[in-house]
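Across the two complexes that follow, subunit A remains constant while its partner is subunit B and subsequently subunit C.
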Partner chain A sequence: MNKPLPQPLIDPKQISRVAHLARLNPDEAERVLLRQELERILRSFDRLEWPDTRNTEPIYHPHPDTNRLRPDEVQSPFDPADLIHESIGQDGFLMAPKTME
Partner chain B sequence: MTQIHELGALELGKKIADREISAPEAVRHALGRMDLLDSTVNALITISGRSAYQQAKAIQKRLDAGEKLPPLAGVPLAVQDNISTKDILTTCASRMLHNYVPPFSATVIDRLVAAGGIVIGKTNLGEFAMDGTNETSHFGPVLNPWSTDHLAGGSGGGCAAAVAAGEVWYALGSDTGGSLRHSCSHCGLTGLKPTYGSVSRYGLVANASSLDQIGPVAESAADCAAVMALIAGPDPKDSTTQPMEFKPEPVNLNGLVIGLPEECFLPDLQPEIGKAVQAAAHQLAVLGARIEPVALSLGEEAVAAYCLIAAAEASANLARFDGIQYGYRPADPKHDDLSDYYCHTRQQGFGAAARRWIMLGTLILSAGYYDRYYLQASKARRLVKENLQKALAQCDLLLTPVAPSTAPRPGAGPDDLYNTCLANIFTVSANLSGFPALVLPCGLDHCNLPIGFQLIGSAFSDSLLLSVGTAYQEATAFHQLRPPHVGEKT
Partner chain C sequence: MTWDTIVGLEVHVELATTSKIFCGCPTLFGRPPNTQCCPVCSGFPGALPVLNQQVIEYALRVCLATDCTINSLIRFDRKNYFYPDLPKGYQISQQHQPIGRGGKLVITTDNGDKAIGIHEIHIEEDAGKLIHDPQGKHTLVDYNRCGIPLLEIISRPDLNSAEEALDYLDKLRRLLLFIGVSDCRMEEGSLRADVNVSVRPTGSKVLGTRTELKNMSSMKAMALAIAYESRRQIKILTEGGRIRQETRRWDENEKRSFALRIKENVEDYRYFPDPDLMAIRINDHWIKNTRELLPELPDAKYQRYLTTLDLTAYEASILTSHPALADLFEATVAICGRAKDVAGWIMGEWLQECNQRACRPQDLKVTPEKLARLVRLLAEGDITRGTARQVFIQMIDNQADPDDYVHRHNLRMIRDIKTIDAAIDQAMAAHPRSVADYRAGKNKVRTFLVGQAMRVLQGKADPALLNRRLLEKLNTPD
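Then we have the complex of A and B:
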């Protein structure tokens, strides 16, 4: 078995850091709830009797050897400008939000 | 006399081909059912009646001219609202994409439409297909046509509810940890989570890319097979798709070995589910299959690995939604900088449960947590796959329950992510390994709520699964049961 893991601890600073990485802006009440919930989840994981994986190679995909290359040719079936919703697009340009005075 | 909505998809397709029912008539009937029922069950987010009617008229014209079309031509279908449909809203049941109209269609849609399929509606789901009950939808939860005091299950409850309520004849949904299978089981339907790589994911709004798969939902395995025949196969736009042969043929169950993992019959499994699943195994034995006990650990580790991997991949996939090019834009006029704008947009655009998933995924991918959680989960994933392969080396298929209980009531589920994931204990292994899994109805509980069972096969055994499912349904009638009193307003 792997060595028992120490209890996780998420302090408020880590919640702020993760929220910034995730580009979220939770208020104080939500930060408290998130911290409690994430700690609870991590503790649940740590409590499990994980198998010994020291010599196990991780897999990130059901069929790890399946990715294939295709010719490097433009094949886009649509104009990216079509993605722009009419409420924020004008004459083929994107109206970006105002972020500076 | 059988009403149009009581026909299976293939049966309706045959009647349309034989010109006993016209394609526009089928569309009108579906729209009538939606008008009657959908304010109750809330299965649909968008109804594309006008374009469906235009397509139906075009198909009818071709049929009237004597053209022979594929078996499901003219049959209206619904599509889960996280599968892109050109010129039809695709919201993912999120405020973030409440106004998003894709300029392209998913490959599965292109293939079905080319074969005469008529997309008539987009179905409700948990936000970005991330929750197990569909209660996190921005458009409200989907109620179960069998009992509107219960949920249709999730995340893809809208697909199953639309078919069970007779609003459409089949649907396409996605399955990341069992959502398509759970909602089929809760609504008395047949549904396939195909082998990863057998159906293109191009145009599916990604939740967890290495787990997601698009699959059919219908009354019967034969209907699902007809849909798979149209959508399966390699797609240059999805490099994870594989060449595969999809040819379901009548199968003789004599000599087929079906493994029954005793570990599945947990003490907290609803007793009626245990009995119904055992009865399904007995029925398959009567048809000639040999039922053998097999060892298969379906421990919490698999669920934990799923939960971590799904959260990590979802946090990465949902990073693309920032409100700049499309989707939700907050009304606040000023922001300190662009980063501040992104944060506001995402905080307001995503619901609370989606934000929780994103935070968990971002946390375990960050320094100090990656090795201990994400890497550990990715190693456990290999063990889960090897474990399943080992069990399938002893038999042709595995038979398990789908869910520990029948359809839940609104608000009755656990309120934390980990315990929510635990409801997927029978289904996540198929997603982690990429193996196919078929759900078939096998009974009702004391509340008259449907019970389903699951058959899991080796990679690319989708044809065999559907053939065995068809053989089972030729000998049973559970798939023909209808929700009682659906649509009657009391």
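Then we have the complex of A and C:
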């Protein structure tokens, strides 16, 4: 049974909220573009609502395997020093943008 | 109007595994920054996680010890948020099918026992550590902590004061220590509590808007933070204001909390099942095996100490505060009996030495066998308490054998009346002024004379006998 395709409505508040969560600060032109793109994404998702899945078990994983576990053993095949480029490091720490005033 | 304070605790406990939750990196504390990480825990694209079995074992123990219902099928979800402590951009956690729900922990209040509900226990990975340098241009990031296995134990809002919250956390700490799943060191961050506080008019059934307090590094700080937050909210509401749902940071130096950020809602984290991790089935056999391996829990131990070993509530409480103390106590009592004497020694001299040496109870290398012999020597009157202390130090520092040490250094208690009388006579002769003072009514001088006579016998005289003989001599005029 197909459901009718609803018209998603994204209001400016929702755009602001999503932008805040993504730590973005779009200008007005970008907001219009974002709105159009987000509505297109939502419409795509709405297509997933079309099939009737009321009697179908959700699939969390394409593979039915369970209990893939490893023993509690230290294995360090990598040298952590290789992971940090000197240009972003300081005294062994990584440097990130300042997160607190 | 009177107000009730409502408190719920979200306790994060780092599990004592040797490797991380999803990779083989070690979990040692205090190592140089970024020396215990790999592509998996530092979020390199394409790196895949594999779950550490011990994490499930430990989580099961905690669920069983807190009477939680265990889910037979558990899954992991991605909690998405954007912050430099999280290199993957998401934290692997359990939102939809956590390992346990609906447990309880019993605390002791002025009105008797009170069961505090445990809403949920779930498994997740820890995030990295950020260092905020106020002068620096950057935030410094250490990913060693990324991927350390955590349990988040979420209580129901059943706590009504800072005292109850402290008792709950202490009970939980004891439980986790005794079942061996964590070292629970708050100062190292292996036990951390976020506190949800709200207030409501007494009698109201509606929960008020809550705030979440973070960054309390000790039990004391937590108590201060709850009391402060409760007062702050009552003041705002009394003045007609509204409480904002927000996360607040406790400042230990200023003894006040500051708004950190507006609290995100659960949908902001866009949880979804982690496609890289398979579900875990926990069957009855696994649960039964884990239950059989659980040791006696601290509450049961406490009751047994009261009823069968005749300890006081205070003694039982101290001895069940850490498994190292309870193990030492029980192993020593198994050898020499004398539960009261052993309890007294552990709570007195043993803990005092730990305090002075700034070490943990288990760090004093004295075996229960040797401690039992020392307690017996003291209890049977073979040595004085002062001598016992001296021997104990030798046992710690030089692994001395108590009987052998006492014998070789001729430390047995002197009970020979003639010897004791001679020592008292010598002390009285050396301090005629003190003797005269005592006889003139200054009773306090007697303690000084006891000390002087004891000194003549190098502290080895039977103190009761020496006291009695000295009193007799002082009360008999020359």
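Criterion: the second predicted complex is superposed on the first by the 67 of 101 C-alpha atoms of A that agree within 3 Å, B and C clash if a C-alpha of one lies under 4 Å from a C-alpha of the other, contacts with A are read in each partner's own complex, and residues count from 1 in each chain.
Just so we're on the same page, contacts are C-beta pairs under 8 Å (C-beta built on N, C-alpha and C of every residue); 3 or more make two chains touch, one makes a residue touch a chain.
Just so you know, these numbers come straight off a predicted model, no measurement behind them.
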{"item": "Touched partner set for A:63, first subunit B, second subunit C, both or neither", "value": "both"}
{"item": "Touched partner set for A:97, first subunit B, second subunit C, both or neither", "value": "both"}
{"item": "Partner chain(s) touched by A:22 [first = subunit B, second = subunit C, both, neither]", "value": "both"}
{"item": "Touching partner for A:74 - first (subunit B), second (subunit C), both, neither", "value": "second"}
{"item": "Comparing the two partners subunit B and subunit C, which touches a greater set of residues in subunit A", "value": "B"}
{"item": "Which superposed partner A:50 touches (first subunit B, second subunit C, both, neither)", "value": "first"}
{"item": "Which superposed partner A:9 touches (first subunit B, second subunit C, both, neither)", "value": "neither"}
{"item": "Touching both subunit B and subunit C, residues of subunit A", "value": "21-23, 60-61, 63, 66-70, 75, 77-78, 83-84, 94, 96-100"}
{"item": "Subunit A partner contacts - residues on subunit B that touch it in the complex", "value": "99-101, 103-104, 196-197, 210, 236-237, 239-240, 242, 299-301, 304, 307-308, 315, 319, 322-327, 329, 333-344, 346-347, 350, 352, 355-356, 358-360, 362-363, 366, 372-373, 375-376, 378-383, 385, 416-418, 432-435, 459"}
{"item": "Of all residues in subunit A, those that touch subunit C in their complex", "value": "21-23, 60-61, 63, 65-78, 80-81, 83-84, 89-100"}
{"item": "Footprint of subunit A on subunit C - complex, ascending", "value": "17-19, 24-26, 32-39, 42, 44, 50-56, 73, 75, 82-84, 130-132, 136-143, 264, 268, 273, 275, 277-281"}
{"item": "Partner subunit B, residues of subunit A touching it in the complex", "value": "5, 10, 14-15, 17-26, 30, 34, 37-38, 40-42, 44-45, 48-51, 53, 56-63, 66-70, 75, 77-79, 82-85, 87-88, 94, 96-101"}
